[in-house]
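Please find one structure pasted underneath; my questions will follow.
Per-chain numbering from 1; labels A, B, C, D, E and F assigned in written order.
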Amino acid sequence: MKLKFIVPIITDEDLGPMEERVGNYVSESTEVHVESIPYGSVSNESFLDEAVNTPSVIKMAGKAERDGYDGVFIECMLDLGLEAVREVVDIPVVGPGRTSILCAVDLADNFSIITELEHTNVSFLHLVRSLGLESKLASIRSIEMPVLELNNRSRLLQSAMEAAETAVIEDGAHSLILGCTRMVGVETEMRNRLKQKGYHVPLIYGVPLTLRYLENLINSELTQSKRTYRTPPEKKNTLFDRI
Amino acid sequence: MKLKFIVPIITDEDLGPMEERVGNYVSESTEVHVESIPYGSVSNESFLDEAVNTPSVIKMAGKAERDGYDGVFIECMLDLGLEAVREVVDIPVVGPGRTSILCAVDLADNFSIITELEHTNVSFLHLVRSLGLESKLASIRSIEMPVLELNNRSRLLQSAMEAAETAVIEDGAHSLILGCTRMVGVETEMRNRLKQKGYHVPLIYGVPLTLRYLENLINSELTQSKRTYRTPPEKKNTLFDRI
Amino acid sequence: MKLKFIVPIITDEDLGPMEERVGNYVSESTEVHVESIPYGSVSNESFLDEAVNTPSVIKMAGKAERDGYDGVFIECMLDLGLEAVREVVDIPVVGPGRTSILCAVDLADNFSIITELEHTNVSFLHLVRSLGLESKLASIRSIEMPVLELNNRSRLLQSAMEAAETAVIEDGAHSLILGCTRMVGVETEMRNRLKQKGYHVPLIYGVPLTLRYLENLINSELTQSKRTYRTPPEKKNTLFDRI
Amino acid sequence: MKLKFIVPIITDEDLGPMEERVGNYVSESTEVHVESIPYGSVSNESFLDEAVNTPSVIKMAGKAERDGYDGVFIECMLDLGLEAVREVVDIPVVGPGRTSILCAVDLADNFSIITELEHTNVSFLHLVRSLGLESKLASIRSIEMPVLELNNRSRLLQSAMEAAETAVIEDGAHSLILGCTRMVGVETEMRNRLKQKGYHVPLIYGVPLTLRYLENLINSELTQSKRTYRTPPEKKNTLFDRI
Amino acid sequence: MKLKFIVPIITDEDLGPMEERVGNYVSESTEVHVESIPYGSVSNESFLDEAVNTPSVIKMAGKAERDGYDGVFIECMLDLGLEAVREVVDIPVVGPGRTSILCAVDLADNFSIITELEHTNVSFLHLVRSLGLESKLASIRSIEMPVLELNNRSRLLQSAMEAAETAVIEDGAHSLILGCTRMVGVETEMRNRLKQKGYHVPLIYGVPLTLRYLENLINSELTQSKRTYRTPPEKKNTLFDRI
Amino acid sequence: MKLKFIVPIITDEDLGPMEERVGNYVSESTEVHVESIPYGSVSNESFLDEAVNTPSVIKMAGKAERDGYDGVFIECMLDLGLEAVREVVDIPVVGPGRTSILCAVDLADNFSIITELEHTNVSFLHLVRSLGLESKLASIRSIEMPVLELNNRSRLLQSAMEAAETAVIEDGAHSLILGCTRMVGVETEMRNRLKQKGYHVPLIYGVPLTLRYLENLINSELTQSKRTYRTPPEKKNTLFDRI
């Protein structure tokens, strides 16, 4: 099968290494193609970012479906634009935010989310609330590192571990979710440290889990409900001519 | 005071008559300027419409603040783009959807929303849920008239009355909300008919209520919380160069 | 229009200054007449106070309607007796408690209430719960000043600011409500101090907001639902002969 | 022990037969004294009735405590005035409404309430909501017989059975509550008929259950929380001088 | 009447003293017979314990019904196996966990549970949630004493008082529940100490309350709903041949 | 990897065909071993069945872990015994009930469950409630076919389609879950028929989805939280000696 992995920001980054990494998460017979959007902002940290990046994500997902892709992954823990994209295409569209939250609710009685910036906490609360799962949320803890600094792995590791311990000890978290797709490369070390400290709680990093979940959906012949995400009627749309 | 009334669709309609009508809703000393957006789609009936119309609404609201407006009204019962706009400006931004719902919750134990199309019902449910008020929702009833046909007043009146009675009798509604800003001109007749039938329930048409609420906020020196709607950091945004 | 402003306690206070102050909150063409009740207790701090003051409030509101008033305002943040009064009259009846809470839910993701005494916190919780909004309540913080001491403005300012900061910092409040109508005269200074400290959260003082909301309802031809607040049948009532 | 059974309406009825009947519900060593209030209305069907009857109930309960009673029972399924009475006295105060609802929640997954008039359904909903149990409410079904006609036992039996069957079949009720203390004398026959029809659901008539629950509380040395129902401060109260 | 009091663990303890003690909780005409189960584990602290002890509890309750008992009491605050037992028999089956929680919800606005071990807190949360009462739960506080050590009364008293004070002061508890049936003999002293410290909150010890509640149900001709706890069809069951 | 597939009933059925079928759901490198329990009942339709089957499931899962299995699947849509099993082992344990529900919540705004017998509907409600997802449940519809008759495929197909259509049309379901693992072999035909009728809603058959989800968890190095499902202390347990 062939999956489109949409990076919902504008970026000059060479996406080759990312494509290689995420390709390792899936079955050998699955291809993952990574692409960033042409118009929008450089990171997703606000309702504003969501508003300016979503139109390009929709357009890219529509093209992917026409190009024969079997599924779409949107690389943003806030599941940026997911609902609009699910309206526009029939192939399954997944987001690592909701997939991670639902997995946490399976594995534990509650969960905490470790976010990059307090700025995004309201958006995460809205995501949790839209799933009807506010009663399962232990806390949202931010580490106050902007997404563009997250490649400082040692600082990320230290900050994320501090937030994780606070969530477990003070907020009573039974499971933990890394709240940014770019908090990558620290998950294994964090799991080891948590176990050494005696905290046997799942730490969820959403990207591999969600890509495999997308494969699972496709193999199970499942896709989003068209009663929830109804196909919009054809109508004039002058924005798509501009982007 | 000076209010910006944003029509969040693209339209060739002469907005003069609307500006005159809505000007009558407010105090004599208040000016209301009506303007539609330059890029987007012709109506708001889906998550897709919200996605393509919001960027222009944000840009227009930002300009309004810089031009000295005291408040912004977004003419859409789904409160299209409200959250992003509230981030970007400091002046109060209101939407008739949430204002109508909150008024209904004051005046009655529950409410029903009469929508144009079942298509939008999920979006209304999301709006209600985001306010934490799902337990007060009696029902969402659609009349299956696309927004562009709502100017057929006699058909609108009949369909809306049928939906209103169904909501009251079958769903036990204690108050009613007209779910589209363009369902205008039937509210007084509907209130009379409802009373004649012995249904003493409030029927809320959101536009005048919400414009006056915006005046009230400004007079009360109140605006949206910047802890909920945080000012986004300055960053590169290539979409706004295109629209 | 002509509004009845009911002070739901017994008092020897000269109500002239209050009538002058609240008259400034509304349109020039609106008259507000302030009156206190003849029988009851000297303040509203308990379910007992509500029980002994409500009968006189009902009687006074009924008379106001017969005298041609267009609306009734009950001056108590606990919305004392509001539900019974709404049954008895057809003109709109408003309370600053619920109006403030609903406004807070519009402007922010959650709210805290600053009360005079911990004694009343349970009653506020019941008010919030009756609106179905418990999930939006960040906290209720009391300053432990009985209502009759609230005219000590400097102590009130200091205590209320402390409670406000605690609500914002420890409870994560995104908006604040002054929980007593007599906490008047400190709202502007508190807003300034909050901004200086970098807390851009709305601080709601309910009296002006709610009086203008009452005008808005009347102008919008809206009043309480008679399916929620049903007109009681005529029946023998020997209490009203005694008060 | 000695219990005060307050009939919270004005009535010319000879209460002797009632006192004899309810005396049979309790232990031999328990005395139950029945008394109606001096000022108020003739039945409890509205927020207005609650407002005019509660002051006398409070006064009577306070006297009962001073006279050495061990507990107070308020004879109204809406638990009229219960919260204020619980503030004023330290001895346990019970109401058959909440006691019946809590028993239903123990015995079954949900419950329906059979009320005399649709008029009171909102009040019952508020009672259920104040207990946090809205998710357990299957329905509220009214038989449209005013309380003063409930002594027509055969009509009551027929109407209540119809409502009970509707609740079970259409609303999926797993248990049933008779929503008026005066729906007495039909409970055994209704239980038999329900069983004959194959509906093995509990039918709760609250008066005996709640009187025995009051004995249970007293024997268990339990009474209402004074953190929920705080003792009000002494203060001037001119209503009690008039009733 | 004749009640079966099931001790849902295996034990060598002489149950005579317990039978004498619990016999004092009920009416003179009521007999209580105490019996422990033949197969299972020595205490109830985990889902595992519940799984291994429940089969014997079911078998014992079924026999009690056939032997003419009028009701069944399961001695475990987690209401171990209650739902399965209620399916199997028609006589009322009660558990002190749910009975205590429902009583707390009557007497106070919220409650805290004092448990022996943090281990069981998740199970208590599930019990509260199954009753739909999560919004009334102030906290669950454990004293970290395994059940088999609870007969150290002075240590129990000290630890439980500490937990009680923490619940009241830090968690804002308005009522308290002793979370283990074996936390017996300290309830009167704890009530005295709480009052001396000015905390007028009910402290519920569930065993006597629940035994008397069982008598109340039987006298009120009430039992569990067979629509919630349906009689299982006869079918092959090879486990019961082994125990 | 090596997965243990536990059939949590006693059965004489040849499990070979089932092992072959479920082996096709997973990756080539994954082995699935199917085994039924030695002691218990012949189907899972009541709390009683859960009680008598769970002990053997626990014992079998514990042995699977000691034998080097990587994960456990319990073949029952009620997730029979899942919580106790998750305490006892460290390898991931999954149930198709919760996995299907969480998938439905991702793909649609709400869901309906199609059960074999109304008997089990209460248990499904408890499962949904334990996940905190009651607000997403559209309905539970039963087809009244005992599990042992489900191999009548044509009757199953007809009955399940009727229930599915009722759920979509009358209950407004946006997604559907087959509520029994033995409702197998009709899912593809049902999906086709639903689409032909214009109902574009996901129909979830839980077994393949959940087996692949178990693989996903193992590949993602995730397992149940040991703060939710705590490892029980070693203690005497005489039931396991008997089975």
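Convention: contacts are C-beta pairs under 8 Å (C-beta built on N, C-alpha and C of every residue); 3 or more make two chains touch, one makes a residue touch a chain.
Small disclaimer: the values here were computed from a predicted structure and weren't measured.
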Matching chain pair for A-B (criterion: over half of the contact pairs shared, by residue number), options A-C, E-F or C-E: E-F
Pair exhibiting more inter-chain C-beta contacts, A-C or B-C: B-C
Gap in Å, rounded to a whole number, between the CA centres of chain F and chain C: 53
Separation of chain D from chain F, taking each centre as the mean of its C-alpha atoms, in whole Å: 44
Chain centre separation (chain A, chain F; CA means) in Å: 27
Multi-partner residues of chain B (at least 2 other chains): 109, 122, 132, 135, 228
Contact footprint of chain E on chain D as seen in their complex: 27, 92, 94, 98-99, 102-103, 105-109, 131-133, 135-136, 168, 173-175, 188, 191, 199-202, 204-205, 208-209, 212-213, 215-217, 219-228
Complex interface listing, chain D residues touching chain B: 122, 125, 134
Sites on chain E touched by chain C in the complex: 109, 135
Residue ranges of chain F in contact with chain E within the complex: 10, 38-43, 45-56, 58, 81, 83-84, 86-88, 119, 122, 126, 129-130, 132, 146, 228-230, 232-233, 235-240, 242-243
